[in-house]
């Protein structure tokens, strides 16, 4: 029997609105035990005091707990990120993995998930984390019978350093890469991204030194996004690929934007995901990870977002990309996230487009 | 002898940076007496306490005053607007009108300017202002020997109601449309836009009632942008058209976006302005005026910008459109402005793209 | 048997943290059925998209529902307001009313609550609402055997106009005072405040005309705060007084600040609430309602908060008053709220200080 | 002949408004050559993109240049800081030093100014800067014939590290304390504050190690405020003391707040500056420097300003202190500034109150 991956998109009327998913569960359209990953975009500021993430996570927890599924690490990955600046619509994407009676055909979307071995606080942001993530991705590939070249995208949920982790490290006289949770995010994201790059053979091991992390921007993955925020010190990876061993007809394609206005890369990704050029069919899900260039320049022109003390640069970034991607593909259900260390080239980013013909968006 | 219109674009290193224009004046590349209009985008918040507008205006005033040109209404129009959200680059566009020895050829950019008769405070936002603007545009067309159908875009600088205007009105027991300057902006913009629509024969006079203003959104111009902020109660109009009576090869084309993601309209406008599809040549200037839909929906999907109390909806709008337009045409020198009452359809906007082959952007 | 009012203050570690109240309920220190009113200050922006209010309300709902008490209007009043700008500490205050065996003594805190008759949408912000609130306050006074002069403070939870109320009004061709919920808040607050002023005999009925509402600032109550946000069209009033018919030793005193820096009024209120001048004893709860002066002046000096487009004026107001009141009384558990139409003089505000000797704050 | 110090306060109608000072210069009330220091509070956000500082500085430059006085370091110190959050009024304070025929009497305000020797970029934030500032303050004391114990307050204008300083350091393989201007501010402020503390004998030299800077918060001055932003690498100090060698009757007193609500310290400082307790006489100028506690706690209670991603913590701080100080002394002309490393105890701050009987504020 083959396996089948399904992608579902649901709008949310408020940060705790899981009613559309509840309806789908009620109708049997989704098997709660088959959910591999849920990715949610909520409408808060996407910064330090964004409570909408908590609201969404808790609402989803309650919904699934009532059906015997836990959001604890063992069962599935739940990634919640705030920030619907610009034209982004608050929404959630649910990925299912099921056995299928469907006949084999061309390549279909494949999904695999693995959870890494626990890390020590002082390993976050170091080569130890890089290699931990590399091994975790390789394990996921094995499980899904995917080769590195068949992988289109990897979504990583990365740990960060909370106060109790710092206390633990200090009790052993160990030195961490950052003094607080906020400061640890660039480090954990960078290490995870390089781990994916190694697993997908985008860089070679001899290039990746301890001193490369958050320093050598020539090293990057073209096929991953990392979101920091795991309270326990394990890395969760969800791998999306295209494989003839999977069926169902869903598709994924990745793209790598060389800068924030690289609409040609977006067009090409949409095409590879099977969307017709006429823009009549919408994608089921879009994931984007990118950053403004550290130089403050885009195509040689000055930009001011880095110096706007009233609106955080990452809020500017998310608003811009909702427009760039939204105009290219005609949808506002876009998971735009910033903090793209070693994810795409400096000043650019990575993109994944999912198309699910059997479950058109309402 | 024919006339020639030239368009110049200059980056600005800070809100008071007029050094690039100064260099061009010094070199004789621009004749200060020939300047018809300067349009400036500065990097402030584009809201109530945006002092960058003042900085730019005063720096330009000093520069031109030293060359015998005044920014007072008689000589030229100077429009300054804050808000470089997203990827917009602070910059200024200078429009010149000169006599030319160049031979006649195909149609070239034509520019005309006219200043309306003074209004009373209580006329702002009423049919009296609509008809005043209509007459002013018609006068500008006559001067430039342009027909309504040859007009591509009209930029209006509209008066607003300052405290002393309110006092004047009250002294005559006259009632104004709004109690303060901020509240008067939607009214003055709406009336000006409908005046342009009448002059350009986009609507017919019998449709435009007193009660239509800021109410009947089926009435709109596809070819104008109105910026409020004139301290005196006169409307200034600058008309851009394409005419065989003008020479020099500069071009302008307008577009009308049906919603914020209408990249097809942008592509079409760029093409009509003579830009090649391959995106190798940049436009010299881009003007956009638009608003998020009042419904809070875009293509049926919920958006949250109207309810973001931390970042003003118009800041969201400008960031999005810097991305949408920037990705479509490859430039970040975009004059994005919001407050588009009767300027394009509700939830969409109007666009002008200028191409100046003889003066490529540095 | 006499009645006794108790006041409890609990810190909150996050917007949904009701654990301190849960502990008190568990320990039997509070009888859930005796709770008359809960007033919560959460840490969101206190503006349109402040989800922390929802989090607190739902957490409290779940906690009390498990003990048989509903937050629906019948049982008790729950007022949640966001905005801990400056030094304000997120916290909740719980008011209990119990039978008591304690002996009569001097005057003690008395609490009464009443819910008004349902209003029509078109009555919000009109004399009909003024009189409705007047009658409701008078009913509460009767129940608590309080005279108007014994009342120290009235906290009102006012209805606002949601979309379905507007639809209802339009279906009857009735005209409402405001087009949306946000716009209805000044109207509902103003009408409620004037209703309290009438019930407490602070103004006389012949002074209060339809045209006085939000216009004649010489009319105001010195002893009330109104918070808008009731989804049903009923006004809830909670009256706090000092009465010899009540026992227990808790105290309340009100003050009326003539401007935002009127620390003498705060000192006097604290003294009347029984707090010693040495600032060694903290109040159990502090409620403040006030606004910056519409003139933009304080003691003749210019202020800029009304023109700060990046930080809402009411966020400035709350930050300032956390400092003014916090410094005067030494506590940061202050319920500061803005939107004080007819509540205190223009540019000033109203204050209530509660002292509960038997239940010192942890 | 004795010396006399005069203090003048002027309101500002906008960030470039120097008209009140111009009037005083015109009237001969101020001698431009006698100005030692100008301290300006403008109405911008007080953060990275606050252009109001530039506007004020340039307006003052133009005004004084026309009278032969330069704002370059040699002639006088000009300190401009943005942020009129809360109730603070935009204003400037001008300090003059003149010869006087007035008779000797009790102690009067004394002012001295000195400019330090140039530093290297890699010295900023190190013991080298500490000792440089110590020597500079000692030199100023000598000039003004002041002893350390007669000093009430020292205002320091500190250099920061601009890009060209970084380039210079790298060219010599020297390592700077911070990678950019913003990051260099805490370091330069800390070193200057410890330098003052040494000069004023508030700490002893053996306590101040390289590792103490921005680490050992038990070391601090009670009598200084440091503002970063000098483009050249010199420290400017302006010393304010009380001395019988000076005349004129102006007074200054300093205070040290143990936390943000320490109104007793403010009351005491105002009293020592000669202000009557009844609050009838206003101070001529008030300077405050302080920070929220790094713990996020105030008197044991939780505060949220450190986690407010929409409003910068320092904007909260300034708003709070405008209320705390404004209520204590009745004035809104307060120069509130944050970034108080080693200036007052952690979570508190330093204060200076000036009273100028001969030049009452208009």
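By written order: A, B, C and D. Residues from 1 in each chain.
Note that in this section a residue touches a chain if its C-beta (ideal position, glycine included) is under 8 Å from a C-beta of that chain, and two chains touch if they have at least 3 such contacts.
Only a predicted model underlies this, so the values are computations on that prediction, with no experimental measurement involved.
Farthest from chain D, judged by the mean position of CA atoms in each chain, is A. Work out the mean CA point of chain A and of chain B, and you get 40 Å between them. In terms of their C-alpha centroids, the spacing between chain B and chain C amounts to 48 Å.
With centres set at the average Cα position, the gap from chain A to chain C is 44 Å. The residues of chain D that reach two or more other chains are 43, 45, 49, 304, 308, 310, listed in rising order.
Chain contacts here are complete: no pair of chains fails to touch.
Against chain C, the residues of chain A that register as touching in their complex are 14-16, 43-44, 49, 51-52, 54-55, 310. Considering their complex, residues 11, 13, 43, 45, 84-90, 260-263, 292, 298-299, 301-305, 308, 310-311, 315-316, 319-324, 326-328, 330-333 of chain D touch chain C.
Residues of chain B that touch chain C in their complex: 45, 47-50, 304, 307-310, 312.
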